[in-house]
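Per-chain numbering from 1; labels A, B, C and D assigned in written order.
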Amino acid sequence: MASMTMVQALNSAMDVMLGRDSDVLVFGEDVGYFGGVFRATEGLQKKYGVTRCFDTPIGEAGIVAVAVGMGAYGLRPVVEIQFADYIYPAYDQIVSEAARLRYRSAGDFIAPLTIRAPYGGGIFGGQTHSQSPEALFTHVAGLVTVIPSNPFDAKGLLISAIESDDPVIFLEPKRLYNGPFDGHHERPVTSWAGHPASEVPLEHYTVPLGSAAVARPGAAVTVLTYGSMVHVALAAALDSGIDAEIIDLRTLVPLDIGTITTSVEKTGRCVIVHEATRTSGFGAELSALVQEHCFYHLEAPIERVAGWDTPYPHAFEWDYFPGPARVAAALRRAMEA
Amino acid sequence: MADSPRLSLHIPEPTRRPGEPPDFSAVRPPLAGGLDRPAVDVEASAIRDLAYGLIRVLDDDGKAVGAWDPHLEPETLRSGLRIMMTTRALDDRMVRAQRQGKITFYAKSAGEEAIAAGQALALRPDDMGFPTYRQQGLLIARGYPVAAMAHQVYSDRSDPMQGRQLPCLYSSRAHGFFTISGNLGTQFSQAVGWAMASALKGDDRIAAAWIGDGATAEADFYEALTFASIYRAPVILNIVNNQWAISSFQGLAGGEETTFAARAIGHGLPALRVDGNDFLAVYAVTAWAVERARSNLGATVIEHFTYRAEGHSTSDDPSRYRPAEEAKGWPLGDPILRLKTHLIALGEWSEEQHTALAAELDALVREAQRGAEAAGPLAQADPTVKAQAMFGDVYAETPWHLREQAKAMGEG
Amino acid sequence: MASMTMVQALNSAMDVMLGRDSDVLVFGEDVGYFGGVFRATEGLQKKYGVTRCFDTPIGEAGIVAVAVGMGAYGLRPVVEIQFADYIYPAYDQIVSEAARLRYRSAGDFIAPLTIRAPYGGGIFGGQTHSQSPEALFTHVAGLVTVIPSNPFDAKGLLISAIESDDPVIFLEPKRLYNGPFDGHHERPVTSWAGHPASEVPLEHYTVPLGSAAVARPGAAVTVLTYGSMVHVALAAALDSGIDAEIIDLRTLVPLDIGTITTSVEKTGRCVIVHEATRTSGFGAELSALVQEHCFYHLEAPIERVAGWDTPYPHAFEWDYFPGPARVAAALRRAMEA
Amino acid sequence: MADSPRLSLHIPEPTRRPGEPPDFSAVRPPLAGGLDRPAVDVEASAIRDLAYGLIRVLDDDGKAVGAWDPHLEPETLRSGLRIMMTTRALDDRMVRAQRQGKITFYAKSAGEEAIAAGQALALRPDDMGFPTYRQQGLLIARGYPVAAMAHQVYSDRSDPMQGRQLPCLYSSRAHGFFTISGNLGTQFSQAVGWAMASALKGDDRIAAAWIGDGATAEADFYEALTFASIYRAPVILNIVNNQWAISSFQGLAGGEETTFAARAIGHGLPALRVDGNDFLAVYAVTAWAVERARSNLGATVIEHFTYRAEGHSTSDDPSRYRPAEEAKGWPLGDPILRLKTHLIALGEWSEEQHTALAAELDALVREAQRGAEAAGPLAQADPTVKAQAMFGDVYAETPWHLREQAKAMGEG
């Protein structure tokens, strides 16, 4: 056990897997010698050599394509897209190729790759360093989409992703890399140190894909969320005094529907929170599913708190970021309905 | 400033359209045997001229001439002929099946058979191919059963792809044949990844990829060149310039400005440009590139100069956009005929043998077709088979939502 | 007035606009001399010359990029992506560029382009000639997404799209090009001739963006749908004898929320139908919105009928295509709940 | 077969890392004036060698020599110097502001100022530029107020971009400066579209686009070359090879294998490779390409060989990945110093004038900064202003769902 930040935990996951499995390799823009612009791959090239962890040209389409080819050969590539906002040039290779390889070849070829990308706001990154594109992947059959919210899960989920024979989109809430930011930007920055989930085993362990966690048990209302917003939701529950049950989905597809329905059947109320733009966000799917599975238990309309349907504007970080005040207001509305 | 001319835009157009006679005046094939064969460890920068030449071995009399003559055994030549003729026989039969409404779609490789055949024989059987829908010859060359191809094309109960793919989009890992995508170009950069993996693992297998002239405009083509050159990946990057991309002539992919082989130059890669209808030349350039790649000297780009002798696919009608007689006028001839002539000139083949082989292959593909028809459409299989075909292999393990959907489908 | 198929109506829209506005131009793969693989641009090059309607290289990223540049110059490009399945190479240019140009430049540059693409199944096109990717665009702020269901709307909406200063994703249900296919594949093929919506003015007219149509008034249950599925829903209503109110959305974003809520408040029941894969499809957003706006009017769970969460498999066209039987079953469930 | 060697993968690495002395032994700048200047209507195929040369005008003594000397008026030279010095002054001041926590981010163009300045002066003011974040000099050259740049960088109440863009991602249609994207490369192919539009309309304006060495690996670079060559678009395609892409040296973009200019060859486009720190050479090659484009002879690719003298941006620390002294060792010197030396050698400038100009520009950028600080953060503007900045311009007309969201934001 060691106390780790999320970025250290991710680094540790790759370290463990590079050490255990000679078919694992890590590459992307600036990930080799430099160790990545967020330092997630720091030290890996030095430890495992330039052929196990290396830099690539700035061509996201090429990065994912060669990962698909390597996967077809039998390797387990772990690639970094420097910011999730820059994943679109690779979109065809992800959607038309990685996601469909196993299906279209009837299992003849698989694409066991992991695509890591820092996502989300909170760092004044403007339109192209703040996006949350998860819903653009959850719509694509064949892809697994994972978003951790703390160091322990980050390492365990990343190991599961690397070991998975499916292509995994692994989105990392960059605002949580160095601390459990809860949206209270007016308060001093907090670090992971001392947070229970920062106690991370040094060795190999997994957190299973497809399984949610209850981040806070509660009886009044169910909150479905993931990534940075888990901490925002926790703050909102505290701020509002509402006894919310906060579910950290961890994997969006395949979704842990059991944990969700059990909670909503208990509380009869549901608030969904994500940073991504609202329209056609993953919250829409969650809302539809909850409605379908728990219609007769619902005592109030399902609420969605999400990013506005605009690009993420540089100046208005805290007007855009769905902070604890907005979530608390939704909790109150759900309780009052 | 005031006297700057008004700008205008150049829109490439072929010189001839339907109703006009074909015009191949721009294609001036050089004499066979005219080009030197550099050592395989030559610097790419020393052979830039080859990107603008055309490597040919078979001369007009069917004789093999010049430095690029691969000096193949007659047995190999006959194998090549057989692969090409099998390809053509299967193509012809399947197109007929499509015309009869028995299958939904088919794409031939008529006129281009020397490419897959010649390259398959120059590659090692365990080298991995990343083909397009016009390299069915590669599968045939590697011994994949023609019967299985018919099952795939028919989406029948014995289809190895379980009905999931459009006809002709085969896959066989065991035969080093990567699953063909409906999206053009994607396989080209994937092949580089496979080759990089092979090199990373200290393996000795190399990769080969194919792309059409039209699809070179896709980003994947460029990414392939970039990654292949930077990491010196052991891969052969083949451009099959068959002059057409559905209705678009190769000028719309850049063929008016320079050759496709020249694309390699900007990445410091060696480029060879070859008469794609000359089995011997195709074999020879491939063998050169194979040796180079296998000696850890990196990638080679090959432009196969050929002609798509028929429609793009069964969905296409080329008489709408190109002269009806164009195929017949193609100056580089028919690859099967040229190899046949060569073998006969060598005294290693005869008209009788040729006719007998054609009959044998016709019987073979008829038998394959009968097998497919006997198997019956997978769409009419029983519900559990269908549910597996529909919902299996989306993920390694089928998750709850797909199991629910499979159940819902079963309930109608 | 003339009787037109949908493909003729689309052709007529481009013809009218090329004739009226010298800034309009049409290009894409095989659209020039050949007139497009579905003949949508037939005759336009001959009539307007090679610089107004021309062929492009097979590079969807390049096609959209040059259209963005032309839009910035002041033209109104109409580009064809040969199949919607091949739009992904252009995804970055659409999402990061066309959709954001106006916003990020504060109105200094706009991208008034129209991206036409045939979409959907019903033609045995297999995985890569059958997809319905609309939800991958409805999630992107700045894009307008339009899907017509008949010749009259197709022409009027396409003219509106071309005249719009926003980038429009214009998805054409290819199975409807030549007839109002209702999913009864076992019956003889029907043509547009005689269908009321095949009466199309030869001249300029518009159908406004952002406005839905009631394809069939009814009192029992609201069906929200678009494209091919409008005709399937009509058949399902007929087959089941259920008095469904069928709303043809026509524009997905911006959505005509008023028409939707008015109907659901009346019927209290709602079935959503689309061909796209279910998870995170546009149906999820519709379900969430209906639930949010009409919670207290709902008498039954909102149903979604959609494509399965798999690639579109070649052999199983009619098992995948959500046909009238599946829609009728959902109508029945909605009525019985 | 059994004796095939084991393959291995080549991973490009720079020759020197932190703690080691810089090594520019691979950069052997040729003497200034050594290359011929072809006629602008030359065939691209006749000047392929220029892709491998390096056009230089200023010699080591600051004299302009050779066929590429553009023979500029001293007035133009002084304008160029002023643009470069303004750029540097603004950059320096803004980086200081970032270090003080006043702004979130900044990207300098230190060492590369000759490119934007020289090209701006060779282009016509109404030609459209599609810049990256290192062509702020283009905006300055075209008279865009430095004060407005500061407003943008500060996201303040007078920010013309309404706080929507990261610092340095300017836009000004009026100054022929296309809105900069955070996504690398996208503007390169858009520029070709703009140029195609200009040609389609019979206009006489041309386009110019810039891209970094690293970003040439993006697909947009390739699409730009493809479309530009096929339609012969009037566009200048500039590659700014400043040796680094954040921490990645140019070998990771293909610079080990050949030059970036050579990429043009595969598309039949003319390529010029120029000393990017030589204002006169940059001006001269640009003027050549401008004349060619404006004469309807199509696109030119220019590789500017230069060096990123400082960190990638304020988020970067180059001492982690390259030798600390590398910038000082760059063999092609500093562009401002070289032009200053030239002007002084001509007797058209003096140390005194230089010092005075530096002081004047320092005052100018301080004034701009004061203006930005006085305007105050847009994030603290009143709710209606914020709602407009946040929700305006997503669409031409704001639809209901955005109006609702704007209302919800107002309610907190």
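Note that in this section a residue touches a chain if its C-beta (ideal position, glycine included) is under 8 Å from a C-beta of that chain, and two chains touch if they have at least 3 such contacts.
All of these numbers come straight from a predicted model, not from anything done at the bench.
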Problem set entry | Chain-contact steps, minimal, separating subunit D from subunit A | 1
Exercise. Measuring between mean CA coordinates, which chain is farthest from subunit A?
Worked result: B
Seminar exercise, completed: Whole-Å distance, C-alpha centre of subunit A to that of subunit B, is 41
Seminar exercise, completed: Whole-Å distance, C-alpha centre of subunit A to that of subunit C, is 32
For this session: Using mean C-alpha positions as chain centres, tell me how far subunit B is from subunit C in Å, no decimals.
Result: 35
Seminar exercise, completed: Expected list for subunit D, residues touching two or more other chains, is 8-9, 11, 162, 164-165, 169, 181-183, 196, 198, 200, 217, 219, 223, 226, 230, 252-254, 394, 401
For this session: Can you tell me which residues of subunit A touch two or more of the remaining chains?
Result: 51, 56-57, 59, 61-62, 85, 88-89, 92, 96, 103-104, 127-128, 141-142, 253, 279, 308-311
For this session: Pick one for the touching-chains graph, please: line, ring, star, complete, other.
Result: complete
Exercise. Which subunit D residues qualify as touching subunit B in the complex?
Worked result: 1, 4-12, 44-45, 124, 196, 198-200, 202-204, 206, 217, 219, 221-223, 226, 229-234, 251-254, 256-258, 262-269, 294-296, 298
For this session: Under the touch definition given earlier, write down the residues of subunit A that touch subunit B in their complex.
Result: 25, 51, 56-57, 59, 61-62, 65-75, 77, 89, 92-93, 96-97, 101-110, 141-142, 144, 164-166, 210, 253-255, 257
For this session: Please give the residue numbers of subunit C that touch subunit B in the complex, ascending.
Result: 29-30, 32-34, 37, 50-51, 54-62, 85-86, 88-89, 124-129, 278-279, 308-311, 313-320, 325-326, 329
For this session: Using the touch definition up top, name the residues of subunit D that touch subunit C in the complex.
Result: 128, 130, 160-162, 164-165, 169, 171-173, 178-179, 181-183, 186, 189-198, 200-201, 207, 219-220, 223-224, 226-227, 230, 392-396, 399-401
Seminar exercise, completed: subunit D residues touching subunit A in their complex are 8-9, 11, 13, 17, 104-105, 155, 159, 162-167, 169, 181-185, 214-215, 217-219, 245-248, 252-254, 315, 320-321, 377-379, 386, 389-391, 394, 401-402, 405, 409, 412
